[in-house]
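Each chain carries a letter (A, B, C and D) given by its place in the written order, and its residues are counted from 1.
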Amino acid sequence: MREECGVVGVVKYGDESHPVPAALQMYYAMYALQHRGQESSGITVYDGKEAHSIKGMGLVPEVYKKNDLLGLKGKVGIGHVRYSTTGDSRIENCQPFIVKYKSGSVAIAHNGNLINGPELRKKLETEGHIFVASSDTEVIAHLLVKELLKYDSVVAISNVMKQLNGSYSLTILIDDVLIAVRDPFGFKPLCIGTIDSGYVVASESVAIDTLNGELLRDVKPGELVMFLDGDIESHQLFHEVNSAHCVFEYIYFARPDSIIDGRLVYKVRERIGERLAKDYPVDADMVSPVPDSGITSAIGYARESNIDYEESLMKNRYIGRTFILPGQAMRETAVRLKMNTIAENIKDKSIILIDDSVVRGTTSRRIIDMIKKAGAREVHARIGSPPIVAPCYLGIDMASRDELIAAHKTTKGVEAVINADSLGYLSIEGLVDSIGFDRDDLCIGCLTGAYPVDIPGEKMCNRRQLKIHEFQ
Amino acid sequence: MREECGVVGVVKYGDESHPVPAALQMYYAMYALQHRGQESSGITVYDGKEAHSIKGMGLVPEVYKKNDLLGLKGKVGIGHVRYSTTGDSRIENCQPFIVKYKSGSVAIAHNGNLINGPELRKKLETEGHIFVASSDTEVIAHLLVKELLKYDSVVAISNVMKQLNGSYSLTILIDDVLIAVRDPFGFKPLCIGTIDSGYVVASESVAIDTLNGELLRDVKPGELVMFLDGDIESHQLFHEVNSAHCVFEYIYFARPDSIIDGRLVYKVRERIGERLAKDYPVDADMVSPVPDSGITSAIGYARESNIDYEESLMKNRYIGRTFILPGQAMRETAVRLKMNTIAENIKDKSIILIDDSVVRGTTSRRIIDMIKKAGAREVHARIGSPPIVAPCYLGIDMASRDELIAAHKTTKGVEAVINADSLGYLSIEGLVDSIGFDRDDLCIGCLTGAYPVDIPGEKMCNRRQLKIHEFQ
Amino acid sequence: MREECGVVGVVKYGDESHPVPAALQMYYAMYALQHRGQESSGITVYDGKEAHSIKGMGLVPEVYKKNDLLGLKGKVGIGHVRYSTTGDSRIENCQPFIVKYKSGSVAIAHNGNLINGPELRKKLETEGHIFVASSDTEVIAHLLVKELLKYDSVVAISNVMKQLNGSYSLTILIDDVLIAVRDPFGFKPLCIGTIDSGYVVASESVAIDTLNGELLRDVKPGELVMFLDGDIESHQLFHEVNSAHCVFEYIYFARPDSIIDGRLVYKVRERIGERLAKDYPVDADMVSPVPDSGITSAIGYARESNIDYEESLMKNRYIGRTFILPGQAMRETAVRLKMNTIAENIKDKSIILIDDSVVRGTTSRRIIDMIKKAGAREVHARIGSPPIVAPCYLGIDMASRDELIAAHKTTKGVEAVINADSLGYLSIEGLVDSIGFDRDDLCIGCLTGAYPVDIPGEKMCNRRQLKIHEFQ
Amino acid sequence: MREECGVVGVVKYGDESHPVPAALQMYYAMYALQHRGQESSGITVYDGKEAHSIKGMGLVPEVYKKNDLLGLKGKVGIGHVRYSTTGDSRIENCQPFIVKYKSGSVAIAHNGNLINGPELRKKLETEGHIFVASSDTEVIAHLLVKELLKYDSVVAISNVMKQLNGSYSLTILIDDVLIAVRDPFGFKPLCIGTIDSGYVVASESVAIDTLNGELLRDVKPGELVMFLDGDIESHQLFHEVNSAHCVFEYIYFARPDSIIDGRLVYKVRERIGERLAKDYPVDADMVSPVPDSGITSAIGYARESNIDYEESLMKNRYIGRTFILPGQAMRETAVRLKMNTIAENIKDKSIILIDDSVVRGTTSRRIIDMIKKAGAREVHARIGSPPIVAPCYLGIDMASRDELIAAHKTTKGVEAVINADSLGYLSIEGLVDSIGFDRDDLCIGCLTGAYPVDIPGEKMCNRRQLKIHEFQ
C-alpha cells in the first residue's frame, strides 16, 4: 500500500521532571509535519510499564484532545501522520502499529513503501501469521517480532532489513527504547535533533525547529540509531555504494524550510528556478508562481532572468473539505475555490508561470485557461521537474503510468494539452545540479523508468552493488 | 459589539431550474470570504413561503453538511461569516439574524459596527423591545421592523439609516426580496456581481470570482440596491460630501485579489512597498515579507529598491486550533508552530523585513528575535501602515488604546521594543497615495485619532457635512 | 404549538457555600422528569449579575457536559425538558426562553398550551413586536416584559395571566428571583419541595424525591409563588370556582411515583384497574399489562378479580433511535424491537390485557395480533381510560380528531378493529372516582368534547364562572 | 479478560434478492441483545469477496448510521455486543475480531471467558505470534488460523477446542461460511432460529423473535453447526457426561422472554419466587420487587404466598450516563436517580422485598434504607439466588472474592449489613429445581466454590469425565 507519511520520535533523559512532556512535543512535531499526511495521526508513548496510544482519523488538532494528550505519561514515544493513496483509510491502518509479543511490545511508525510488502505478507501468512490491517507496517512488525524472539534489537532489525526491498524511514519503540532506521538507499528523509534534555527524530528538520531544537545530523542510509540513557548509539548496518534520495522530496513534497541530507529545500528550489531561466529564457512581462509549491522557483527564475516577480494567482488559505455537484460549472468553481486570478495583474501580460511539476496535465490546463480567461496575452509554462514518465513505487503518490501525461506525449504534445504558449521542463541534469548530489545518489526512477531497486515489471538501473556490512 | 465579518446575498431569476442552487452558491461565496470571519457562519434562504436557516459555530466546511445545504430550497438568500472580537460567541449571536413580525420575516447579515448600538438598544428597551442576543444586528432588525409596519421597504430602511451612526454593509432579506445597503460613508466594502441567471452581493469581489461571475460595481455609500425580478433597483438614500473608506481593508484585512471601490488590493499593497522603498531606503542583502500579509508589499519594495526578494520565514499552512502549556519555552513553540525561519537564507544577512502593521509590538518582537537567533546580521523593519495611535470603532479588531504601542511610543521607541536595527512606518501621505483616494474619502481615525463620525470621547474630523437626499 | 414538557426551578438561600450547586440539582431534577420530554433540554442560572444558559437537542445526559454544568454558577435557576408535537424542533425553540429588556433579564420555562397563543402573537406583532422562535413561551415573555416596564413582578404577571387562555405551569426567573405560576384551572401539575438550604419547584414530585427533598405542597391553581431570601411568598391571583386538572397526567403521562394535587398517581392507576375489574369482569386465565403504562392498573385488576397477574409482553429497555425500512415485515420488526411476547405464558391462555388508553387503535391491534400469533386463546382488552373522542388543546399530544378511533366508532367497532375478544373502557365516572376529585374539578375535554375554556370551534362546558381576585 | 457479551450470526440463502439485508437483521438482533453488553458493538459481513466491518464504542443505535449499515452488502455476517469488566475498553478490543491469513479471512464473535486465555496467549507468543489487542478472541483467532493452514474448518475448530479451557459461545465467519460453536459444557447460551430465507444464530432466542423468526433449537454443548447453502450441518465434536449451564443466565443476566436450553427464563424466575415463598414464608402486607430483575420472582412469591403484589420502588426508564460529585448526599442522589420509593405504598407497611441476588450488599443496603426512610415498618429480603461465595471465571461480571459479602459473612451477618428485618436466600436445591436441570448439568461454581473445569487456585467438582468424540 503506497503511503505518504511523516514520522517522529522523542526521548527525554535524566531524572528531572520535564516541563514539556514527550507526548506534547511529539504533538507539536507532528503539527510541523502535517503537510506529509492529513488523513490520520497517531502517537504511542511508553510509560515505564507499557505502551499507550492515541490514534484517530483527521488532522493533528482533530485527533488529540488536550487532556488525553497530557494523560500520556512517559519519556519516550513515536508518532505518525499519514496520507493513504489507496483509499484504505480505516482506523485499523492508523499508525504507529503496536503489537504485543512474548517479551514486551513493539510500536512502529513507517514512511515509505515496500516493493515486496505483499510478497512478504504472503510468506508470513504461509508460516501462519495472521494480519489485522493492510499496511506494510504490520508486515515489518511481524518480521521484527520473529527476529526479536531470537536476537537482540540491533541484530533483529538488521535481519529484518535484509528482507525488505523498498523505502523505509522508521521510528521504532521496543518497550522503552527509541530506534531510528533508514533504508540502505536513504530514499526517504530522516534526521536527528537535540532538544532540551533529549533527542528528537523526524522526517524533516522543521519538526526539530518547532521544538526549538538543533538539527544534529541525518540518519545515514542503512544506519540504525538507538537512543539509550541520553546517548546515541549508531550502527551502520548496511552500506550501498550509492544512495537513492528521492528527488521529489526536494521538488515538491518537503517543506522549503527543511534541510534534507544537508540541502536546504528552499535553496534547491531557488536553483531550479534559476536553471529554468537559463535553459528556457523567454521575453515576458512577469514571472508568476502557481502557489504555493511554485513560489521559491519563481523567485529564482525572476532573479536570474531579471523579469519582475509578480503574483497572478491567489490561494484561498481556508479551503478545507468541501463538496461539489457534478457538471462543468462546478468543476471550475472547485478550482476557483482554491485559487483565484488577480485579473488586473494579468490583463494583456505575457506571463512566465512556474509550477513544480505536471502529472496528469488537467490541473495545469485549468489554471492556464483561468489565467487566459483573465486576459493574459501569453502563458509560458516552466516546470520545476523533468517530465514524469514512470510511476513511483517508493512512497510518493503520483499516478499510474496510464495517467502520466509525459509517459505518452512529447513536450510539444503536453504544451498543446495544457494550452501553454511555450513549455519548458527542467532537465534531469538541471535537477541533479540543483540538488547537488551525484546523479547516482538520487532516485530518479519516475523520470527515467529505471529504478535503483528491483521492481517486478520495471527496469533497474544497473550501476549499483549491494555491500552488506558484516555484523558481529 | 465589535465584529469583523463577511456578508453575501444571492438571487437567481427566471423560471428555469438552476443547476446550482442559491444556497450552494452562497456556500462557495462564504468559503471565499472565510478570511473575514472563522468563528461562525450562517445562511438564510427564502423558499417561497418562509425563511429557513442553517447556522453554526466554526469554519464554513464544519457548519454545512451537504444534505442539509441541498435541502435549503429557494432562489434567494443571504449568508454571513463572523469573527467576534468580544468573546461573546454564543450560537444566539450567529448571523443572519432572522425575525418574524406582523407581515412576514426579515433576515439581516451585517458587517460593521454601530457607534450608537448600545444607545439604540437602550432606547428600544425603553419602548418595551426585548432582545435575545447581544449583537447590533438585532438592534437593526428591531428598528427595521418598526418602520416596516408603517412604510414600504425602501422608506423603512431609509428611516432606519437615519438613526444609525457607524459602519454597516448589510444584506437583507425581506421575505423574498434581497436588498443590499451600505452606510453613507462606505466604511466597509460591498459589491455586486452578475452570475449565470442571477446576481450576487458580497463583501469582496473574490466571492464573485469564485462563482465565475463578473464584478458589476460597488454598492455606493448611502445606496440601497434592491434585486427584483432580475432587475437592479438603485436608491441613493444618503449622500455625504466625502466617503470614509476603511484603509485597513487595503492594508491588511481584505484578500489581495479583491477589488474594493475600484482599487485592486494587490496593487495598493505593491505601491505601499514601493513607497516604503522610496521613503526608507536601506542598504541590505534582501527583502523579506512576514507571511502572508507582508508578501505583496515586499515584492513592491524589492522591485523599487532593486534588492533581492528572498523568503526568510516559512508559514505552516496547516496550523489550526492548538494548545500550549504555560511557560516561555512554550510561547516560543507557539510562534514556531505558525512560522519557522529559513536559517540558511538568513545567516549573516542584513534583511529588510516587511510587515503590514505593528499593533502591540509583541509579535514583531518575537519574529525579529527569531530571525536574529537564526543568524541575521541586521533586521530593518518596514511597516506597510502608518503608526496606529487610536482604536477602531468601526469594525476592525485592533486593540484598546492602552495596548497600541504607537499610542505611547515614538518610532524610535517602537524600534527599540521590537529589537529592529531600523524601523520605517509608511506615512499617511504614502498610504493615501498608494490607495489612490482623496485623503478626505478615507477613514484614518486609527492613524490620527480624529474620526469621520461622532464618537463619544473622541475627536471628529470637522470637514464633513451631511446631506440627506429628499426621499419622495 | 402543542408541547409536552417538564419544568423545574431551584433556589438556594443563605450565605454558606452549597456543596451541590443549583445547576447540578436542576440537572438531576430534569433527569427525573425526562419522561415529560426527550427532545431537548435547557437550563438557565442567574449568577448574581446576569443569566447564563446551556441548551441543546437530545436527552439530559447528551445536553450537559460536566464541566459546562459546573461552570454555571449561581444560587437560583430554572430548567426545562421538552417534547414537541409539531416537529418544529429547532434549537431556537429550546427553553428556557431568555430575553433581555430595559431593566434586566427574564427567563421562562413553560409546560402547557395556550389556546390564544397565535392570536396573542398576532396582536403583539401588530404592536411591532418581533419574534425569533415559534413557541408560546416567547409570547408570554413579550407580554411579561411589557408589563414589567410598568409594574412590579406580581402585578405584571397578574396582568399577563388575564390575557392568557389555556394551560400553563411556569417557572420564571426575573433576574435572580424565582417565581412559580400555575394557570387558574391548574391544568398541568406544579409542586414545591424543600431541599437542603433551599426550595425546588417542579412539574412532578419525583424531581423533589430525587433531590432527597420533601414535597411541601402543590402550587395552587391561579397562584403565584415567589421565592425570596429563603421565604415563600404566595399570591393567589386568580380563583376559579372549579379546577380543571388534566386527567391524562394520572392516566398516562406522569410517573406513578409522583403525587399530583394530593393524589399518588400509582394509587389512581391501581383504583382504575380495580374499577375495570368490577365493571368489566371476565373469566380468564391471567391479567397482563401492556408495559410499562398498563402495569399498575393490571396489578389492581388482578387483585380485585383474583385472577393471576402474569406478564405476557416484555419491553426492550434499551430501545433508542432506530431505523426501519419500508414494508410490512419491517413494521412488525419495529414493534418487536420494543416489545416481545412471552410465548410460553400466552399459549392457549385467555388473557385480560390492560392498557392505559386507545388512541388510533393501530398499536393495540399490532400488540393483540402479536399475542394471538403467540397462541393466546382469547384477548380481552381493558382500557384504563374512557374513549378519547376529542382532541386535547391543553398540552397532551394526542392526535387529531380524524385519527382518534373512538371519535368515529362505537366500542364494538373499536373492539373489531383492534381484534379483541372483548373490550371494556373505563367509564368517566370510574375515572373520576379513581382520581378522587369532583368531576367539575377535572379537565375531561378529550373524553366529552366540552372543554373548561373557550376553544374556537369546540363546545365549552358551561358550569364555570371566573372570579378574579382584586389585586391591591 | 472477563466479558459479558452477546453474539449473533445471520445467513440468507437462495438467489432471490432479500428485502431485508443480513446486516440490517443483525442490527435488529443486536438491539434485542443490548442488555448483554452496552459498551461497544460490531458487525462483520462477507460481501462475496471480502469481509467488511463496522465497529464502535457505545450502544447499538450510536454505533451504526443508516447509510453505513445499508452499505454493508452480503448474505452472511456475524455481530457482537460487549460489556468489558476489566476497563480495557479500547476500540481495538471491539469484536468481531477479524484477521486475514493465507487463505482468506476469519472473523470471530465470542461470548464467554477462557480460563487458560493468558496461558495460551503466552504459548503463542513463545511461538512468535504477535497480538494487537488484549481479548481472548484474538487468542482463539490465532489458534484457529494455525489449524486452518493444515485442516478444513471442522477439524481446525475441533483442534482449537481441544486447547480451550473455559466458556465460549462463538459465531465464526470463515470467508463466507457461518459457523456456530458452543463449548463442551454449554456454559453460555447459543441458539438457532429460522428466518425468512435464512438462519439466525444468537445468544438468546429474543433475537430470533425480534426478526419474526422461529426458534429451531439450541446449539448443543460441544457442537459445531455450519450453515451451508441453506442447510445446517451439525458436528458433535465433544461430549461431556454432564453440561454446565450457567445458572446466572436464568437468575439475572438473560431476558425473561428468552428460552435457554429449553427453559423459559420467565418461568424459572417465577418458580424461584414460588420456592422462596415456600421456604421463607413471612406474614407481611405486600410483596415488592427490586425492579426490573426482581419483578418475575416477586410475581411468583405473591401468587404462592397469597400476599398482595404491590410496587414500592419505581425505576427511572431514562437514566443514562450521568455524573455525581463526591459526598454522601450525592451517593443517595445517585441511587434515587435510578430508583425512587413510592412512599404512600410503603408507609407503615411490612414489605417482602424480592431481589435477584446480593453481591457486595451495598446496593441492597441503600435500597432497604431508602424504603425504611419512606416509612416501611419491616423489610423482609428474599433473594432469588443462593449466597454467592466465590467468583465467576466463566463470563459473568461479579466481583472479586474479597468483595463478595457472602464469602465472608453468614446469612445473619448479611441480614445485619443490609439492614433487613429478615433475609432468606434461595437454596441451591431450590435453584436447581426451579431451573429444572439436574444439578450436575449446571455450573454453580460461584455458589459452591467448586467449578466444572480446572481453575488454578480453585477446587474442581470431581463428578465429571471428559469424553472426546473420535473425529474422523
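Quick notes on this one:
Basically, contacts are C-beta pairs under 8 Å (C-beta built on N, C-alpha and C of every residue); 3 or more make two chains touch, one makes a residue touch a chain.
Since the model is a prediction, treat every value here as computed from it, not as a measurement.
Any chain bridging chain B and chain D, meaning touching each of them, is among A, C; the list is complete.
In this assembly, A is the chain whose CA centroid lies farthest from the centroid of chain C. Chain B and chain C have Cα centroids lying 50 Å from one another. A separation of 37 Å divides the Cα centre of chain A from that of chain B. Within chain D, not a single residue touches two or more of the remaining chains. By the definition given earlier, chain contacts exist for A-B, A-D, B-C, C-D. Contact residues on chain A toward chain B in their complex (touch as defined above): 19-20, 24, 28, 31-32, 34-35, 38, 59-62, 66, 196, 206, 209-212, 255-257, 259, 264, 266-267, 292, 295-296, 299, 302-303, 308-311, 314, 316-323, 325, 327, 329-330, 332-333, 336-337, 340-342, 344-345.
Contact residues of chain B toward chain C in the complex are 91, 98-102, 106, 122, 125-126, 128-132, 134, 141-142, 145-146, 149.
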